[in-house]
Amino acid sequence: MSYASEMLAAVASADRFGTGELAAVIEGCATAAQACTTCADACLAEDDLAGLRLCNALCHTCADVSETTMRTLSRPAHSDHLVLHRMLQACVRSCFACAEECGRHAQHHRHCELCARACRMCLQACTDLLESEAFEELRKLAGG
Amino acid sequence: MSYASEMLAAVASADRFGTGELAAVIEGCATAAQACTTCADACLAEDDLAGLRLCNALCHTCADVSETTMRTLSRPAHSDHLVLHRMLQACVRSCFACAEECGRHAQHHRHCELCARACRMCLQACTDLLESEAFEELRKLAGG
Amino acid sequence: MSYASEMLAAVASADRFGTGELAAVIEGCATAAQACTTCADACLAEDDLAGLRLCNALCHTCADVSETTMRTLSRPAHSDHLVLHRMLQACVRSCFACAEECGRHAQHHRHCELCARACRMCLQACTDLLESEAFEELRKLAGG
Amino acid sequence: MSYASEMLAAVASADRFGTGELAAVIEGCATAAQACTTCADACLAEDDLAGLRLCNALCHTCADVSETTMRTLSRPAHSDHLVLHRMLQACVRSCFACAEECGRHAQHHRHCELCARACRMCLQACTDLLESEAFEELRKLAGG
């Protein structure tokens, strides 16, 4: 069991999400945030930096969005459900954009390959949570 | 002219948003983030802390979401339009939730009154940008 | 091998620190940041909240300091050695203060027990890095 | 009076620092964090990007360190004095390194000129607070 899972298991209020699904997003976000930060820094050291401008910028925004999503989900006791929902949607899009761009450089740069993979795992975890029972009511309201 | 306006005026890529509108959101987010951080800390020192639990928690999330929105908008050269859009929507909701809850305590605590006001100003600036020409295409796609 | 280790192994510039020691701090910081954020939120839901004011506040600052330390260390290619050194020192102190205070409530609250343990692990990893060869020159300059 | 000053004036616990000096650092940090974020993004769009690698990286770290310093100081009610002290020292160094590097490009890039100025103002405000009465005891302990 991961440390985030242990923390959430110690907090009754995390139950409404399913502790496992919640921990998966939190860990996915933390891993993506770290990978994006190191990938952006590594891009700066590459000879083909000129071709990595967008990659660098998207990595920084993805690190910020992932970290804030992680923090928002790490406060299960008192949160606003719509804020969680919108942050998860922002994180899905941010991870998608970053994974697509890093994916373009994955064959040339191992850090881009790893970063793209971390973003895709985070994107999947966020999507799973968005499609879980926890957000069923919001989906119905949106006619989705 | 504010410092953020000066910075943005030095960056051609900020043009597509209207530098003034962009700077207004950036300043609104920075002010809200600081106000929320101090309000949360001040709540902890109050005698009626038990009634300020939700206020404290929403302040922390609002500080995080505002800061990430500020950072995302401060990168106009290379950004993903949909990420900006979703972060602005998350920020609108987060500021709304925090302003409503702080507003409930505004008569008793000056820090709550000031924090609610900062959140409402930030919410308004985000809404103005979301309704500006910069996001017209996204609104059409959404049938809005 | 953790994801952070894999990322750092893909970046030659991380070598001067010892990838293993660097990854240990990065993971320690990420775990502490998450634990602190959840512990702070869980404190807000406790009956004895009045006795957890300091705990809550120190958790929030420790989450911020740990995250910034994690980010600073995740940029090995272009960093200022003194900034790393001072951030590590800030993180050591922040984790110490938070672990001491959470430790006082560890018998009553499982989240405080887990948070204190995460902070102590982070503190140890930071201390190990500060005492490693990477900072030998700075220690000599300080007469340490 | 700035918004941060108003917030701090509403919180009795901010008194021990001198509300004015505290607000100056908070505003200096917020301005530097925004300037650094936009400067880093603007660097990515420049033709001479290859010469701006270090500038870009230092800007990102300075944005993170400034923001965490701002948050730490925005919690005057319950803080650890040594954490404040070390964060201020990290911020001084980070702003110094960033201002030096941005200063090298100030003649060619207006965003670097503005960013260097914001970092120097933040550095000065941090130094003033470090030299104020609030930290007198720590200076004596250090034999300074």
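Each chain gets a letter, A, B, C and D, in the order it is written, and its residues are counted from 1.
Quick note on the criterion: a contact is a pair of C-beta atoms (placed from the backbone, for glycine too) under 8 Å apart; a residue touches a chain by one contact, two chains touch by 3 or more.
Treat the numbers as computed from the prediction; the structure is a model and nothing was measured.
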| item | value |
| --- | --- |
| Distance-maximising chain from chain B - centres being C-alpha averages | C |
| B-C against A-C, pair bridged by the larger set of C-beta contacts | A-C |
| Distance from chain C to chain A - Cα centre to Cα centre, in angstrom | 21 |
| Separation of chain B from chain C, taking each centre as the mean of its C-alpha atoms, in whole Å | 28 |
| Multi-partner residues of chain A (each touching 2 or more other chains) | 40-41, 44-45, 53, 56-57, 60, 67, 71, 75, 77-78 |
| Interface residues, chain B side, partner chain A - complex | 53-54, 56-58, 60-61, 64-65, 67-68, 71-72, 75, 77-80, 82-83, 86-87, 89-90, 93-94, 97 |
| Contacting residues of chain B [partner chain C, same complex] | 40-41, 44-45, 49-50, 53, 56-57, 60 |
| In the complex, chain B residues that touch chain D | 3-4, 6-8, 10-13, 26, 30-31, 33-35, 37-42, 44-45, 63, 67, 70-71, 74-78, 109-111, 114-115, 118 |
